[in-house]
Amino acid sequence: MKQFFSVNDITSLSQAVQSALTSKQSPFADEALGKHKTIGLVFLNPSLRTRMSTQKAAMNLGMNVMVMNMTSDGWALETKDGVVMDGNTAEHIKEAAAVMGEYCDILGLRSFPGLKDADEDYSEELFGKFAKYCGKPVVSLESATRHPLQSFTDLITIVEHFDYQYDSVQEKLVPQGKKPKVVLTWAPHVKALPQAVPNSFAEWMCRAQAEGLVDFVVTHPEGYALKEEFTTGATVTTNQDEALADADFVYVKNWSSYEDYGQITCTDKSWMLTLDKLEATNNAKVMHCLPVRRDLVIASEVLDSEHSIVVQEAGNRVWAAQAVLKEMLKNQ
Amino acid sequence: MKQFFSVNDITSLSQAVQSALTSKQSPFADEALGKHKTIGLVFLNPSLRTRMSTQKAAMNLGMNVMVMNMTSDGWALETKDGVVMDGNTAEHIKEAAAVMGEYCDILGLRSFPGLKDADEDYSEELFGKFAKYCGKPVVSLESATRHPLQSFTDLITIVEHFDYQYDSVQEKLVPQGKKPKVVLTWAPHVKALPQAVPNSFAEWMCRAQAEGLVDFVVTHPEGYALKEEFTTGATVTTNQDEALADADFVYVKNWSSYEDYGQITCTDKSWMLTLDKLEATNNAKVMHCLPVRRDLVIASEVLDSEHSIVVQEAGNRVWAAQAVLKEMLKNQ
Amino acid sequence: MKQFFSVNDITSLSQAVQSALTSKQSPFADEALGKHKTIGLVFLNPSLRTRMSTQKAAMNLGMNVMVMNMTSDGWALETKDGVVMDGNTAEHIKEAAAVMGEYCDILGLRSFPGLKDADEDYSEELFGKFAKYCGKPVVSLESATRHPLQSFTDLITIVEHFDYQYDSVQEKLVPQGKKPKVVLTWAPHVKALPQAVPNSFAEWMCRAQAEGLVDFVVTHPEGYALKEEFTTGATVTTNQDEALADADFVYVKNWSSYEDYGQITCTDKSWMLTLDKLEATNNAKVMHCLPVRRDLVIASEVLDSEHSIVVQEAGNRVWAAQAVLKEMLKNQ
């Protein structure tokens, strides 16, 4: 694996999940793989879970870890070509990426969208240039439009909490009986948040649906449709009640509008997930990528109930990262 | 040991000191204990000594270390229950702590008091909730009201600089001849500082006095009494000269008023420790937790003299941390 | 080696370069040397290359690494003696350095000049006091007036890109045929930058010239002469064209005026290095310490051409640091 940027970098979801669960069983089994290898984790935006879990995964694999928090203004990188750099940017991404590539065997990059210009954000120029110029395998630690380590984690967590068997001849996960119904639902927030997590979750679930692993439904208010390419094959509805009926997993997440790019066009508090709403579900498990604002996005009564698996989900971030790094190390 | 929050988490001071001094003799003897174990050091406030010494101790024990500096505004945690989180806090401590617990075998937490509301600070709500929700052993790296790694270090340093024998049958330290007189004295400062260090030092010295290791005296200006529970058994006086007479150890520290909570009510420069004042002592050793403001808290002439053991004291921070982590690892 | 502050801390340039290139061939050959040793990297100013490369070098040598970013205001250190510390500085360098020395076997320090007062900056008081009080070997990670790890790297890079043989009897590098002509040229910038990199590069090249390794020329506009002690033996000219004629290596760098201390007195864009200018050279390799502002300091057409070796140069930072740390560890 030369890059982990989206679900398209995964050959088989079943095998990827299986690899992660194997590492979860024996975290140090592949410790020799990363000996004398260094991963550089480059954060252009803050991170808690992603940083700790990826660092942990790398250490489990015997790697050295270097963390670069480039969140202060002094670190502004130029991404455009042909610019006379007499302004605020002190270094061009061509040099910055290439230099980091000199010091590291694998690089991770986190960079949030500006949420001003959809075309710019969705071009993923920064991530693309970084990957191109650093010359090393790159793991997305969340880019402008996707958060694939989170989505991979989410799939692992769904598989763990539902009845699947791994058919080791076909190398495929097989749901025992009916496939689980997985629902992604929008929820309110006070800030304009990126679409990276829902885009990515939708992209992975559409693929999981195509591989026969889940049934996938997205629900959101009018004006909050995700960019179409991420939801191809999903059932999309603005009726949250209808979406939640018989759900096995409810994935809650706020995002800002894609249509009215980066704007908050709905503040309807009735979209918050409550225990009441879960009654229509199939005793659904509730998921969220965290951090979650209690009683705004999800009611405390839900987070404090047996429905919530958000902490176990966060814990699984380690195994998603470890499966990805394992693949990258095997190719070196 | 499931928690290191105060002196009450230590069964025997003598054995704890002995354990620390054993590690100081052979820093890497327990290197196998921490193999494949990870400590997460979470700083909600800046740290130099605590961070470096705890990191060093953990590495000596073979542990992996992850440091989280959550000092910027983006990391504000909600600690109250039942709050609609539509304000500045992005994550509730319930989730933040639980998630860190997923990634780490031991956690350390530093969090300073607000110094606005004594009841809030002295409830130690943040530390208590963090320990409860993370589900892993937690080491205080200084909380609102205590700095136990510092106080443990201070006791180690006193033992090193006085004539004690370790009775290995009774497993007790025994002062040879008269017990040392240890004096905690207030000193001036330009900022309102927490009471954590003096509270904690007093709490440890009262316990050491109860175990027959020291005689303990506290001196401060009117209005600067520490909360009573921390000084039970100590001689307390507002007469600094009287306190210093025949002292073997003088522990200098500023703190803001507890009575007039968080305020600076005395700026009397005559409380600064000078060489003159040390003349009445028993050639006392001078201690401070550092950082120390020269010629405001302690005169340079003292810090630059043979009286001062502040650097050796800071060096001992490693061995206090190592003794605590060793106990926690043994229980896992 | 007790200190790495300038070229004067190197006994033989040839042997130092040879040591670095040996490590580049076998990065982990000296891994046992750093076992149970800790390096503390203290940054009073931001760093990308220096931090990552020194950390990498230390890890290659089996060391533990602790990074302290003391870039926020809370960390202001007092360096003057006899000051009543009732202002902004919270700790004196005497204590801060001594304490770090307690926790580390080797220390690295980065501290930029204020660019207000030449005498103060050129006294290198901060670095000198840090080295004195910490009591451990100290590596400069760039001080007020020098950046020796960069200059050592630059020499390594020149040797790699020219025809030298290592005479293992005399333990000396010998250029095959004519010595390379190395030119340091000033270039425009929008900010007032320190003289540390050009001072240091000049100091190393003058020494390399004295050891028969290169011919060295410096060119800059009127008013930009470096302090004389750094360019003794070099050809200095304000005619850039003349300097560039037949050059084998062109080292481009902006600096603020030393004469008119810390000021920008020339903004003449014609000093930027372009492909046109390189025509008069001997197909010169172009070097820069990075970060470089494209189309202000060096034209993109140059950085994107075969002339540029800036990325390989940055990569060599690891081997310079590793050679220095190796020497320090051998002495312990």
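Letters A, B and C name the chains as they come in the text, with residue numbers starting at 1 for each one.
Heads up, the rule we're going with is that a residue touches a chain if its C-beta (ideal position, glycine included) is under 8 Å from a C-beta of that chain, and two chains touch if they have at least 3 such contacts.
Owing to the predicted nature of the structure, the values given are computational and were not obtained by experimental measurement.
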item	value
Equivalent-chain rotation between chain C and chain A, CA atoms, steps of 5 degrees	120
Classification of the chain A:chain B interface as same or different, half of numbers criterion	different
Separation of mean Cα positions, chain B and chain A [Å, integer]	40
In chain B, residues with contacts to at least two other chains	none
Residue numbers on chain A that touch chain C, as the complex places them	36, 38, 40, 64, 66, 68, 70, 72, 74-75, 78, 81-87, 89-92, 94-96, 98-100, 102-104
Touching residues (chain side chain C, partner chain A) in the complex	27-28, 46, 48-49, 51-53, 55-56, 59, 71, 190, 290-296, 300, 303-304, 310-312, 314-315, 318
